[in-house]
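Each in structure tokens, the structures are laid out below.
Shared between the two complexes below is subunit A, which has subunit B as its partner in the first and subunit C in the second.
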Partner chain A sequence: MINIVWGIVFVLLAPVIGGLVAGIDRKITARMQGRVGPSILQPFYDVGKLFEKEQAVVNETQIFYAICYFIFMIFTGALFFASGDLLLVVFALTLAQIFLVLGAFSANSPYSYVGAERELLQIMAYEPMVIITAVGMYVATKSFNVGDIATTTVPIVLLLPGIFLGFLYVLTIKLRKSPFDISTSHHAHQEIVKGVTTEFSGPSLGLIEITHWYETIFLLGFVYLFFGFNPLIGVVAVIIVYLLEILIDNTNARVKWQLAVKSSWLIAIIVGVVNLAALYFLAGGVP
Partner chain B sequence: MQLAQLLIFLILFPLIAAFFLFLAKKDLERAWIVKLSALAIAIVSVYLLISTYNMGGLLFSVVPAEPTGIIMFFLEMLIALAILYLGIVHKKWLVVGLILIQSVMMLWFELVYAHSVEVSSNLFIDEFSNIMALIIGIIGSLICVYSLGYMKFFHESHPEMKDRRPWFFAIMFVFIAAMFGLVFSNNILWVYFFWEVTTLCSFLLIGYTKTEEATTNAFNALWMNLLGGVAFAGAIIYLAMFGNGIMGLDTLLTSGKVIALIPAALIGFAGLTKAAQLPFSSWLVGAMVAPTPVSALLHSSTMVKAGVYILVRLAPIFQATFTGYLLAMIGALTFLIASGIAISQSNAKRVLAYSTIANLGLVVACAGIGTYEAIWAAILLIVFHAISKSLLFLSVGTVEHRIRSREIDDMNGLIVRMPKIAAMMVIGIAGMFLAPFGMLISKWAAIRAFVDVPYGFVFIIILAFGSAMTLFFWAKWMGKIITVTSDSKNIEGEVDHSEWTALTSLAGLSLITTLVFPLLSTKLLEPFLMENYGHVAQLSQDNIIIMIMMLLLLVIMPLSILIPQRKDKHVQAYMGGRTTTHDMWFSGSLGVQKKTVLSNYYLHEYFGEAKLRPAGIWICTALICIMFAATALRGVFL
Partner chain C sequence: MTYLAKSPWIIHYDASSCNGCDIEILACLTPMYDVERFGIINTGNPKHADIFVVTGSVNEQNREVILNIYNQMPDPKVAVAVGICATSGGVFRECYNVAGGIDKLIPVDVYVMGCAARPESIIDGIVTALGILEKKRSEGASAPVVTDHHMNKEHHKHAEGGVQ
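Presenting the complex of A and B:
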């Protein structure tokens, strides 16, 4: 069942595409704000510059956690694209994310510490919705296998409209977009210095940036699963979703974490219960 | 014949050890008795596994029901008298009332029905009992070994308390004997007897220090468990009256739901009290006043595991019944609410306690659902929880003796101050919530089990939220431990030899069981499920390989420390431009020097105990009432 080729393709291509997506993101964002914006390749220049810098750390263990974050995020994405088990992918994602949090904790710095706690709050906010999404896809396609879900003829998005919207809601958290860029942000206006990444600099910060590209591609792949019945619609939908996220990012002010957690949970409960119940009834008989 | 002797050995040998421990007054004698008996018990429980390998369920009729039954009844009455006496002395009238009701019930049973009850095979062994025996025999023994060092230190640092170690160790071993008896008994009367012995032992151990708080909490635990005991006695009387003399677990399971559902619900209720499910969670949290090895024993290999053991045993009866769903709902809500409360707790032992309650809730949820997949998940949860939780308790105990605190915030920078124990704790915590470790495999199994049952999605949603909370409180604790406070000194010192043996063995076990989990599943769980349900649950080959890859990655990564690196430039943590000394004192307003103190988020406003616990108690009490009403109605109509 495991398709190693796709996994390798992901490992090699994701940072390239992810970097380009980040560049396009910045360009569009700039246009929305009435600026010319940087070159589309700017993210690559930025990361390249980070790697040229001297590694400065509060303590060495930070680098270890950054590397673990990097490796397990690649692992997560590769497992996803190699048609792994969707639930296992979700768990691997959590593992990767925890390493970033640990890296922030390890520095014993007030700002990165608050960032770490907030990052955990964010994980706590999106995790239920992600699990519900995975289970929803299983109910729709009778399989947890990513390959089966991606190539199904079932129009998943029509069966899971609520779950799709709920997933988009938490996707904003995962992509670190306003209004939910609470633990760290890509915007110039930060809140707690730079949150989880406050104490990362130079190459290790570059590594975290690349990890984020991997993550973006993995998440867009996740969005694609909803449209697996028609690849063309799927790709278009993924692009629209990302443009929508950019729009949301630029038109919303950052909210407090309380609102982020409460609203994500409320939405997860409502769409989870309603959509899954409806699905079971549609499937016939007792839910 | 020979197998039966092994079972009898495991039940009686700890009793003999207990007797000698009660007599041994010298440290050295005690140390030898504990170590040798622990070794013997562990070896025999492993030998039992080897010799029953591939044999399925076996029933034994070697031990005659009489006069054993009479002896047990006599002992029960003695225990009842002792509890009665203690209840009157301490003016705990609830306990007095419950023990009177229970004794009258059992007396009535003995006089009126006992002769009409016949159980041909009193002892039995199958894969599930085998797994339980391994948990009790290995983890329980390790905890006893650990106690040697801990209790010595405990009494050195609490000179005001009377040193009653002979008593303490004797009770620990009686506890282990009772647990073996419980998992090997087929005769429900025997199960009941051992059940009551565990109640008594936990009461004595919780009240060990004899402080006012300890006594109060011990009685709190006692009345809740006695309430369960009353329900258990009710089940026995019901079976005697309407059950055509059925009194064996094997016959009960095959007798059909019409007869079995009401007694199963009653025993299930007893299981809920023992497994500290809401509304009965407070006894387990209160049990924290006892010395830490007691907590470890109660939480991992004995007591609460007895509660979930009996529920999992009876699961085929609960399957696809309204009673079962309600039971599952009680478990699921307990999981959700206890996980939430754990977020708000700053005391390490209380976090562990609420996490135990939560995980047992998940086991109860699986048992209530009762499908083969759910049972597979339930047994995995029992195994992995026992290992990780005992490891965590024992680490916390050792840390507590060094830093004189159980507060998580005081464990800041433990990785620098006590690197070895911190590593053990990190393994324990990772085992509780991260892929690819045991507990996460089990949660995964639980999700897969819930997907395929009616109304399963409700349980999945509860599970999804519960595990998100679980993640939050474990990760922030882990973060505290691994924070590098570069100026702290290493205060680990010499960890007591016996403590260290137990800790490393448990840490090793948690890694090894994750690695050999596929074997555990195919060799023990699948035959058990096949025999009882006719189906097997398993993870696909691909997933197992991926998990092993993850585990290897996780094990290899820390080794990267060994690679010589160039020395990186060290900078101060960003302090907003304040002048800060190297050990994080910064100059505040008016030139006052202040220490940077970092504390976790506890979110009392949302997850406070005062807020969630009453809600949980009311909801779960209501569910229990509905469960009994529904079961009784069903009994009437059928």
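Presenting the complex of A and C:
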């Protein structure tokens, strides 16, 4: 069942594609703001630069946590692309995220603390919806196996329209885009200095940046699952979804964390649970 | 091949500036000048920054802050003094509370003239700083932790020619 080749392809290619996606993102963002914008290779320059800098840390454990975050994010993505179990993927994702929070907590700095607490709130905000998504995929395809879901002939997005919208809602949180970039954010945005990444500098910050590229590709893969029945529509949908996220990022101001948590839970309950319930009744009771 | 010159992140600190220079620095970020096309990002975090951009002059309130920011920046790093106040104290040089330019406190690598400094000259200053940054990197130079020797000495507080 496990498809090692795809896992290895992910590990090797995701940072390249992820970095390009980040570069295109910055370019489009700049154009939306009427600016010329940096080169689309800028994220690679940034990370290259970060690895040239001095490693200034508050304590050594910080680096350890950054590396754990990196490794577990790769594990999450590789498991996903190697047709692993979707639930296991979701839990591995949370674990990876927790390492980032621990890294931020390990530095004794108020900004880092606030960022870490906000990161925890974000995890709390998106987790229910992500799990409902995994369950929805199971109900639609009778399998938790990513490979089965991706190659199914069932048009999942038509069965799970509510869950799809709910997933897009929390995707904004996961991609650290406005209005939900409350723990840390991209580009030159600032929030409570730099949130969880405040105390990371040089190579460890570079590592976190690369981890984020992996995460982006993994999440876009997740979006693709909804369209597994037709690869062409799938790829187009993934591109449209990402462009939509950039548009949302540029047209919204950051909200308070209360609103982020409440609204994403509300969305999870309303569209997620209603969608699931509708699916059960349409299928003629519990399968 | 180095990436340092392609991705300079700056941290801007307003040390008793009249805000004239600050507004010009922010003007650099607007669509008109758009410094992000050179990869320049204005961070708010000394630990992420490569270039320390200071406007205004040193006084008793901001000594500690300037030192703190400078010492927290990871190597290699450069300091750019923007505006004549940051360079020498400018029109405020003789004020009772002004100690002089930023180089009274930290090693300054580039001085940007003007009152207020024009966005073009600020960008030029940053680009000059990139060359110095690159040189520091290739030499593997690490800036010493700067401490304030004058902090508690009354008679050293003022610029020369100022009210002693």
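Heads up, the rule we're going with is that the second predicted complex is superposed on the first by the 282 of 287 C-alpha atoms of A that agree within 3 Å, B and C clash if a C-alpha of one lies under 4 Å from a C-alpha of the other, contacts with A are read in each partner's own complex, and residues count from 1 in each chain.
Rule of thumb we're sticking to: contacts are C-beta pairs under 8 Å (C-beta built on N, C-alpha and C of every residue); 3 or more make two chains touch, one makes a residue touch a chain.
Just so you know, these numbers come straight off a predicted model, no measurement behind them.
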_First (subunit B), second (subunit C), both or neither touched by A:Ala78_ = neither
*Is A:Leu276 in contact with subunit B, with subunit C, with both, or with neither (first, second, both, neither)?*
first
*asked:* I'd like to know which partner A:Pro110 touches here: subunit B for first, subunit C for second, both or neither.
replied: first
*asked:* Going by the contact rule set out at the top, does A:Thr198 touch subunit B (first), subunit C (second), both, or neither?
replied: both
*Could you tell me if A:Gly34 is touching subunit B, subunit C, both of them or neither one (first, second, both, neither)?*
second
*asked:* Is A:Gln55 touching anything from subunit B or subunit C once the two structures are fitted on A? First, second, both or neither.
replied: both
*Touched partner set for A:Gln42, first subunit B, second subunit C, both or neither*: second
*asked:* Of the two partners subunit B and subunit C, which one touches more residues belonging to subunit A?
replied: B
_Common interface positions of subunit A, toward subunit B and toward subunit C_ = 54-56, 193, 198-199
*Please give the residue numbers of subunit B that touch subunit A in the complex, ascending.*
412-413, 415, 434-436, 440, 444, 447-448, 451, 454-455, 457-458, 460-461, 463-465, 467-469, 471-472, 475-476, 478-480, 482-486, 540, 542-543, 546-547, 550, 553, 557-558, 560-561, 565, 568-576, 584, 596, 598, 600-601
*asked:* For a test of understanding, state which residues of subunit A touch subunit C in their complex under the given definition.
replied: 26, 30, 33-39, 42, 44-49, 51-56, 187-188, 190, 193-194, 197-202, 205
_For the subunit C and subunit A complex, residues of the former touching the latter_ = 2-4, 6-7, 29, 31, 34, 36-39, 41-45, 47-48, 50, 72, 74-76, 137, 142
*Which residues of subunit A touch subunit B in the complex?*
1-2, 54-61, 63-64, 67-68, 71-72, 75, 79, 84-85, 87-88, 91-92, 94-95, 98, 101-102, 104-113, 116-117, 120-121, 123-125, 127-128, 131-132, 135, 138-139, 144, 193, 198-199, 265, 268-269, 272-273, 276-277, 280, 286-287
